[in-house]
Amino acid sequence: MLQAGGSLLVLALMLPVIGILLIMSLDARHTGKIALALMPAGLAVALAIAARVWTTQAGLEYFIGGWAPPLGVALRADGISAVMLVTTSVVIGAAGLFARAEFRQPDNQPEARAPLMFWLLLLGIWAGLNAVFLGGDLFNLYVALEMLTFAAVPLVCLSGKAETLAAALRYLLFALLGSALYLLGAVLLFGAYGTLDIALLAARIAAQANMASPVWPLALWVALALMTVGLLAKTALFPLHLWLPPAHSGAPAAASAVLSALVVKASFFLIVRLWFGMLPGLTPWLGAQLLAALGAAAILFGSVLALRQARLKLLVAYSTVAQIGYLFFVFPLAANPAASTASAALAWTGGWMQLVSHALAKAAMFMAAGLIAETLGHDRIAGLGGVARVVPITVIAFALAGASLMGLPPSGGFVAKLLLLSAAVSQGLWFWAVVMLLGGLLAGGYLFRVLSPALGPLPAGWTPAARIPRDRQAVALVLALGAVLLGFAPLKSYDLLQFGRPAIAGAVTR
Amino acid sequence: MSLLRDLFTVLMVSAGGFCFLAGTAGLLRFPDALTRLHALTKADNLGLGLIVLGLIAQAPGPLGALKLVAVWLLAQLAGATATQVLARAVRAEGRDSP
Amino acid sequence: MSAALILDACLVLLVLAVAVWTIAARETFPAIAGFVSYGLLLAIVWVRLSSVDVALTEAAIGGGATGVLLLGAAARLTDRAGRRPAGIGLRIMAGALCLAITAALAFVILTLPDPAPTLAPQAVAGLPATGVGNPITAVLVAYRGIDTLLEKIVLLLAVIGVWCLTPDDSWGALPAPWGTARQDDAIVLLARLLAPVGVVVGVYIVWVGADDPGGAFQGGTILAAMWLLVMMAGLIAPLPATSRRLRRVLVAGPALFLAVAFAGFAMSGDFLSYPPAYAKWLIKLIEAALTLSIAAMVGVLVIGPAVRKR
Amino acid sequence: MTAEQLYGLCGAGLVGLGLFGLITAELPLRRIVAFNLLGGGAFVVFGVIARRGAAAGLGGDPVPQALIITGVVVGFAATALAVTLVRRLHEETGTTKFDQDELPPETVKLSDATLSGGNP
Amino acid sequence: MGEFLTGSACFVLAMVALGLVRILRGPADADRIMAPQLLGTGGIAVLLLLAAATGAPAVVDVALSLALLAAFASVAFVLAKGSPAPGKADEP
């Protein structure tokens, strides 16, 4: 137990909460300043946690109040938590910088609604994300998931337009169904094993599996199925993706960036925690293949629908539906009983690389799409002609982010897909490799649909609907560059993802 | 003494139960909303009162008994108000029950 | 068969019947009237399951807040019934799925390990360190205080979300959840008589919560109900979302809880730990502040945002 | 059959009913009610598990009982947010149906105010 | 004594159930809103009987809460009915 690092974990969890409480009790003029001041602090804490995990090469653990599980609640940070915490603070910080001018309280006027709400909800999302990445207790994670839902849904309909209200309502109903199923599963696990702590559950489940006369743990599989389906609804994996495109395309650009880059990943993160963390070596092989099949369907279906969209933000949203699919190849590839440890580790790293590079690229892309729409006054793809001449930096950001999504070298997306691809090929699961290649081609197709007119000539007599300041474009560009430069990260740094990871390959129940 | 107390409780609770029976019979038989409302609140509140009376005999102390009375009084108040406002609402709805 | 088991069977059947009604009723309003009854029945279920704390919560929420919320919405919305019910194919598929899930759940519940794993002895063993006598309060404020703290943030985010649904031109306007109907004498009388009693009961339930069933949430919800009642009677006006006073009451509880939690680092070495000498009083202080905040949060959630100006 | 098993079956039935309503109901308000039934069922199952854990002189395991209270609170907050959303949608459109293809086509068009986050 | 009180609780519950069937069938909304009212009074009776039967005084507090909130549903209903929401009616 490393109680020493505990204050860092608590701080990561509580910084955004402090921000919410401060904003609620102080004058609205300070709203943006408070939120923006917390963001570098949050990044510093996340980096400190990552550094600690890196130097100790193990996970951090903190028992809140000194009460050890099963009675108390543990916070835990392993390699993937650290990576997610850092990614989260980067993307949230970028979204804050991007939205700074847009959501500024008007001077010498009564408080305005949208600016106040935006910052509160952004901090709420941040708090929820950190709670998900650090949570070691299934019920605590349920509360964290609800925090995320309650902050994300109002962001979707921040503008108050009827279509965004409808999208938010649909999102809320999906999310609530997801939480209810998750909670039900957690309840059954408590009934069967007497704890909600993931590490203790893993130990008790493993002990049960090792008994001479193994009991058929029906409770475990029913609970796992319920929780997984619930979390899939929140992750928007095909065919539970229906809520995502209207919700993500209707939100303000900064919010869409956060929702698409991070919020859907939080529930994916929890599925991984359950399947790999709670069931080390027991991952059900058939279920893993099923998840990958749904992922493959998501890639094909999402990409084809993205190709057919008439509006830029919807295209980007459907691209999220497709890119989420890649993440689910981690399940069969990293838990393949026939795979070598090296190959499984390759798939594991590839999956997380895909997650991080997609987070950066998609945040950049939503910001760029938002800026393009602001310049043009609309976001119809048919009317994108010549937009590169007006906002070149934005279009470059969009193109770079697109390169990472397609998997063009040397981007982070390329490395991610290469790792997954080589794992699939080396394990003889070539059909998943085919889908990945096909997905790359389709992504190229839908991005070409945007970039080709954007780089063309401007229509005669065109005037911009709004002037876009350089610094907002720069934020999108930096994120897109980040997604590309991830491909240059030294191989050694990938080890971070492996720290604190339970052994997963080689012992899978069939 | 204890036997007498128990007998009192049994009598009162039974009487209260009978009132609930009467109230339900009224609900089932009466033709329109206003009369059903009448059956519901009058009979059930009386029933509750009798049950409370019967249980006071079993109460652990004067404070417990006081709490029981308080519950009954609050239920009375709620019943009276609800009946009043609902009856008006029924009238406003135009006596649409035959 | 004992009387208790017959009672349990009756109760279960009634709950299930009301639930079926709630799902199957064609129109919305009867379904919601059924649902409010379901909430009240659940309070009895909790008593039968020896969870008086939960029963108090259910009574306050199901009988008060949720009912007001849903009935208010159902009475206003103009689309009362679906135009076209879901297709028969969908219904059959959904029915089969739900039946399968129910069957699986039932099987799991019937085959849960015996003796059941329990944390009750550990929870009781930890009580002296917290200074409270009600183990549920100890779980909520000490052992798993982080859940309670984050749950308050969830409530706060829900308040923010509800406020976020104010139309821009009405930001700062007074919410008018019950329209501008003239005062009703009966409701005014009820408010005048009931509100003082209710406040006493609410405070009582928080006070006994340290050692007996009760606590901040149950008491806070009752206080919220009394606040709502005097607003319903038109005796006081709702507060606007821009009210600084209201916002400070909303954050007071969570902020104090958080402050004490951080102070735990200094006082007894851990976040959210209490020095044993002061534990009982710190917990009572937190509960008192939380009660106020919860009352405000529940009240605001039921009142809802200001509506569009016309 | 013991009382715990009886209530356990009740919880399982409530979960199934709630889920059915959540999938098949057309009006969002009905789905919200169905979600509450589903949540109530999950809590009853949890309550049964708590009751089974009666020990140390307590009528039930206090940990799940406390968690149910937290869950009920969160469920209430969810209901409040959802109901408010439905009412606002009704106020804006005169209906609470939220299928995109049922909205009149002009409302689907993204307007400028949406793009700038409703900050006129 | 406990058996008798539990049995009485069961009887009251059955009466409430019968009444509930009648009330929920309507036909007017004002009929249906009597359901929480009925369950309020009946539920309080059941809880008080159970409190006495099992010797759990805290259960009386639950009944107390129910009694406090018993009129809420009716009042909320009447107030909401009194001010129909703006917004055009749904097409038939």
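Each chain gets a letter, A, B, C, D and E, in the order it is written, and its residues are counted from 1.
One rule holds in what follows: a residue touches a chain if its C-beta (ideal position, glycine included) is under 8 Å from a C-beta of that chain, and two chains touch if they have at least 3 such contacts.
This is a predicted model, so every value here is computed, not measured.
Common neighbours of chain A and chain C under the contact definition above: D. Among the remaining chains, A is positioned farthest from chain C, on the basis of C-alpha centroids. Farthest from chain E in terms of Cα centroid separation is A. The most central chain, judged by the distance from its Cα centroid to the centroid of all protein Cα atoms shown, is D.
Rounded to whole angstrom, the centroid-to-centroid distance between chain D and chain E, based on C-alpha atoms, equals 22 Å. Distance between chain B and chain D, defined via averaged C-alpha coordinates, is recorded as 33 Å. Mean C-alpha position of chain C lies 13 Å from that of chain D. Of all residues in chain C, those that touch two or more other chains are 4, 48, 73-74, 76-79, 101, 105, 109, 112, 116-119, 123, 143-144, 147, 151, 154, 158, 161, 165, 168, 184, 187, 190, 194, 197, 307.
Residue numbers of chain A whose C-beta contacts span two or more other chains: 70-71, 112, 114, 139, 143, 146, 150, 153-154, 157-158, 160, 165, 184, 188, 191, 194.
The residues of chain B that reach two or more other chains are 70, 74, 77-78, 81, 85, 88, listed in rising order. Residues 3, 5-21, 23-27, 29-30, 32-34, 36-37, 40, 43-45, 47-63, 65-70, 72-74, 76-81, 83-88, 90-91, 94-97, 118, 120 of chain D are the ones touching chain C in the complex. Listed in rising order, the residues of chain E touching chain C in the complex are 3, 6-7, 9-10, 13-14, 16-17, 20, 23-24, 26, 29, 32-33, 35-36, 38-40, 43, 46-47, 50, 56, 58-59, 61-62, 64-66, 68-73, 75-90.
Per the touch definition, chain C reaches chain E in the complex via residues 2-4, 6-7, 10-11, 14, 17-18, 21, 25, 29-30, 33-34, 36-37, 40-41, 43-44, 47-48, 52, 55-56, 59-60, 63-64, 67-68, 71-79, 178-181, 184, 187, 190, 194, 197-198, 201, 205, 208, 212-214, 218, 222, 225, 228-229, 232, 307, 310.
Across the complex, chain D meets chain A through its residues 15, 18, 22, 28, 31-32, 35, 38-39, 42, 45-46, 49, 52-53, 63-64, 67, 70-71, 74, 77-78, 81-82, 85-86, 88-89, 92-93, 98-100, 103, 107-108, 110-119.
Residues 4-5, 8-9, 12, 15-16, 19-20, 22-23, 28, 31-32, 35, 38-39, 42, 45-46, 48-51, 53-54, 57-58, 61, 65-66, 69-70, 73-74, 76-79, 81-86, 90-91, 94-95, 97-99, 101-103, 105-106, 109-110, 112, 116-121, 123-124, 135-136, 138-140, 143-144, 147-148, 151, 154-155, 158, 161-162, 165, 168, 215, 217, 298, 301-302, 304-305, 307-308 of chain C are the ones that touch chain D when the two sit in their complex.
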